[in-house]
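Each structure below appears as structure tokens.
Each of the two complexes below includes subunit A, the first together with subunit B, the second together with subunit C.
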Partner chain A sequence: MSAARDDLAFINRQSFIELQARERAKALFDAETARELVGPFDRVESPWLPLQGVTPQSDDGCVVMKGKISGRPAVVVALEGAFQGGSLGEVSGAKLTAALDLARADSERGILTAAVLLLETGGVRLQEANLGLAAIAEIMAAILALRPYAPVISVVAGTVGCFGGMSLAAGLSSYIVMTREARLGLNGPEVIEQESGIDEFDSSDRALIWAIHGGEQRYATGLADALVEDDTQQVGAAIRGLIAKGVPTVHRSSQVAVYRKRIEALDPTRQFDPKELRAQWGAGDSAPDGISAGGVSAGEEERS
Partner chain B sequence: MSEYTGARGTAWFRALTGNLPPMTGDPRSVLTADASIGDTRARFLCVVPDPQARFPCARHGEVGLEEAYTLATRVREVIDSDQNIVKRPIIAIVDVKSQAYGRREETAAIFLAAAAAADAYGSARLAGHPVIALVVGHAFSGGFLTHGYQANRILAFDDDGVMIHAMHKEAAARITRRSVENLDKLGKTIPPLSYDVRDFAKLGLLHKLLHVENPDHPSETETRKVRDELLAAIEDARRSPWDLRNRLESKEARDTRRATIRTRALLETQWREEPGQTGS
Partner chain C sequence: MERIEFDYPAKRQVSGRAHVGVVGSGDLEVLLEPTEGNSSHVLIRTSVDGFRETWQAVLDRFFSKYDGAVRIEINDAGATPGSVQLRLQQAVEVSEL
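The block that comes next holds the complex of A and B.
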């Protein structure tokens, strides 16, 4: 592809990040198949925010849509990063868990239903603290129960990133799709700076942040399965590709021996160089499926 | 309010396993042993502080990369070896400060390590192992998600030294722009905000609160009592479905988590409707 054509594609692209959660979810379905469940007109709101003087939102920042992708049943759950940082409260958590549970129930009776999670989230909503944490534990349990039947695909596209407990939900997913703008990690830079000091992590160092948490790095180290441009077409195509691929033989979070060895091989007397890590974890490993640049294949697990 | 020391985890691990030496070959921050409980054997796991741990941000009882992968390994070992026999109970003794907050951890994808441990516990539960979490001290945030929160049944000591929460109090106050005093006050009327385990019990997530006289120094009588409670929880788990629905069925949950129950019911109804029938 020529550079000129790339430029044209870039100009003509429809940004995925700039869409709101509802539009993002809808854009992924086959035309005319999506319908929203427990939408804003149902007015299921957080019961805890008004008690603290915070205005709730009629969808609690979580959009659930059911329909078809590539002609197959699918559910998409989109978190709205613009409402409370995409954080999980009781209601948004219950919507996400219930969607996964229902996809599992359908899948168990033969209607295989994939789940796509659009994660723009800082994790637990602190105004609902323990109910947010409990919801995330239940979301994780629901992902684990669904993924033997149908793929669970986590997409981290926007600049909010995916942090806190929800990074574990991403980690449990069958596949992770990221953009270069997106970040994925357990603890954000500000939290680390607060807890462990500026010498550990300077949260104003943007280059450092993206070198560690950024989509390009996660993909290059085999921790994400697809790296896409901020382009609705590309995000959709990646998701359709992964749904067609189906359930992985061994999920990444079950490949314990491989990753444990990799951690043992690191020298923690110094900080790790993200570039070196790409060389160690990335290309070179067998990736027979061709999707994951540095992904760990099932074969590697068996050898170890 | 109690400072985290991590001493309780070690104390209860020793008491409940009858001072068995922990399995060798693992980082010293993870204690594992197979010990008798009733007429069965169970795998006991505990994360404890190791001031000499290889990773500097995981030396004070945090769950870091090595802790998470060790837990995952030791739990998967049980799943693999019990495939065709009665599933051994797995008991997570929980006294964790938090997840590890470090740059090394983020670079080496602690999110995946934590997911791997949760995957192992959750997979054990789905495979039919009774997984019981016993919270004897602190259970914070990512640390608890990694070690304990995938259990079929959660037991906790009814004690001021027990704290289950999404974030440490000072940090939560700072981020929500409140004073610690204000946060404490709010916790009295808004149970999910509270740092008191008795308020946590109101959320309906616990199987049971256990009263123990001296949680720092388990006596023989108290150890026996806790063991009996663990056995009862194991039996209860064996009789029940392997998902987490019990966290919504308790009397407390039916009250405090009404919004969850309502949301789930509504979503299920709409899910089953044929396309075109919904108004929105």
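The block that comes next holds the complex of A and C.
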């Protein structure tokens, strides 16, 4: 990727990572079609944060926009990673669930509505505890209800990444789009180190973290469907392409046998490195339709 | 979290509203909306307690130049006075687009 990259185009690109949630969501729609639902001036904010002395945000860190992408109805939900780590609480969770439910209701009536989730999140908002957990269960149920009708596309651009319960939500989506700056995983590096010790996972070793959780690795092992540069045009093009592709015949999360076989083939008695995983899980496996065993392009540096 | 409120006299009605910023570390969110009457109201919720006088100084300066009748809500996550001033100016700019 780096070798083939057009440097001038790369310098002149509009970074997607640097955009805030609202700008990210808006950038994905056809011009002049986006409108925000339950925006900041509706003041639907978390009732729980002020009680704990935490400043709330007027949109609870969750931006919902409805509009058209490639002329087709779509809803985009963007989590603001800068606010409380993009965490899901009662309000932000309800907004995300309601957006997916409405897309499903429209789809059932024949107005197929794709959903794009821009996930910069650590998962459940700890200050809202069980309400956050319940929200994530509802989000997962809503994704499962929508995805037979229209694609649900999760985008992890960075730099927060997507962890905790929301990584499960990403796993249930029809497609996952990542940048090489992004990370996707159930437990974050610091959580793993804290629970299992520094010998298990050194959370200060950035090369190690990205070699395991990073977008490049996730794509190369077939766990993400598109790897794009940090470029708003490229992110938009990838999403339009996946919406055009439609609902996959078999979703990744339905491939229980495939993934069970892959896990059984691993030898947990020794440490295997990310490169081995690419070799075993990447190209060559009989990837079902809709699951790209992402090819690693020339000039790509290994980070393990 | 501390809650601080101020009132300032206003001379003219405005029509636009604006939302800028994010409640992220060292930053803040400003909601600016037109209001009836001849005064402006500011409500601040800040994660850093004990800076009422600093807020007053920043807002005194802002309202020495701005005379629209507005309701301003600030959700702050420890922004510096300079950042606050810039966000306020940005909110005015966006509201006048």
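Here are a few things to note about the model shown:
Keep this in mind: the second predicted complex is superposed on the first by the 281 of 304 C-alpha atoms of A that agree within 3 Å, B and C clash if a C-alpha of one lies under 4 Å from a C-alpha of the other, contacts with A are read in each partner's own complex, and residues count from 1 in each chain.
Going forward, contacts are C-beta pairs under 8 Å (C-beta built on N, C-alpha and C of every residue); 3 or more make two chains touch, one makes a residue touch a chain.
Just so it is clear, the structure is predicted and the values come from calculations on it, not from any experiment.
Superposition note: with subunit A as the common reference, subunit B and subunit C can be accommodated side by side.
When the shared chain is aligned, subunit B comes close enough to touch A:251, but subunit C does not.
In the superposed model, A:91 makes contact with subunit B only, not with subunit C. Legend: residue contacts after superposition of the two complexes on their common chain; A:20 is shown touching subunit C, with no touch to subunit B.
More residues of subunit A lie in touch with B than with the remaining chain of the pair subunit B and subunit C. Superposing both complexes on chain A places the Cα centres of subunit B and subunit C at an angle of 100° as seen from the Cα centre of subunit A, in steps of 10. In the superposition on chain A, contact of A:30 is made with neither subunit B nor subunit C.
Contacts of A:40 after superposition on the shared chain: both subunit B and subunit C are touched.
Of the two partner chains placed around the shared chain by superposition, subunit C is the only one that A:83 touches, whereas subunit B remains out of contact. Legend: residue contacts after superposition of the two complexes on their common chain; A:229 is shown touching neither subunit B nor subunit C. Superposition on the common chain A brings subunit B within a closest Cα-Cα distance of 9 Å of subunit C.
Judged by the document's definition of touching, subunit A residues 39-41 lie at the interface with subunit B and also at the interface with subunit C.
In the complex of the two chains, the subunit A residues touching subunit C come out as 20-21, 39-41, 50, 53-58, 61, 80, 82-84. Those residues of subunit C lying in contact with subunit A across their complex are 1, 17, 19, 22-25, 27, 29, 31, 33, 45-47, 73, 75-77. Interface residues of subunit A facing subunit B in the complex, by the touch rule stated above, are 33, 35-42, 44, 46-48, 51-52, 64, 66-67, 90-91, 93-95, 97-99, 101-102, 124, 126-138, 140-141, 144-145, 164-165, 167-172, 184-187, 191-192, 194-196, 200-201, 212-213, 218, 221, 223, 251-257, 259-260, 262-264, 266, 268, 271-272, 274, 277.
Across the complex, subunit A is touched by residues 54-57, 65-66, 69-70, 72-73, 76, 99, 101-116, 118-120, 122-123, 125-126, 141-142, 144-146, 149-150, 164-167, 171-172, 174-176, 186, 189-194, 200, 203, 205, 243-244, 247, 257-260, 262-264, 266-268, 270-271, 275, 278-280 of subunit B.
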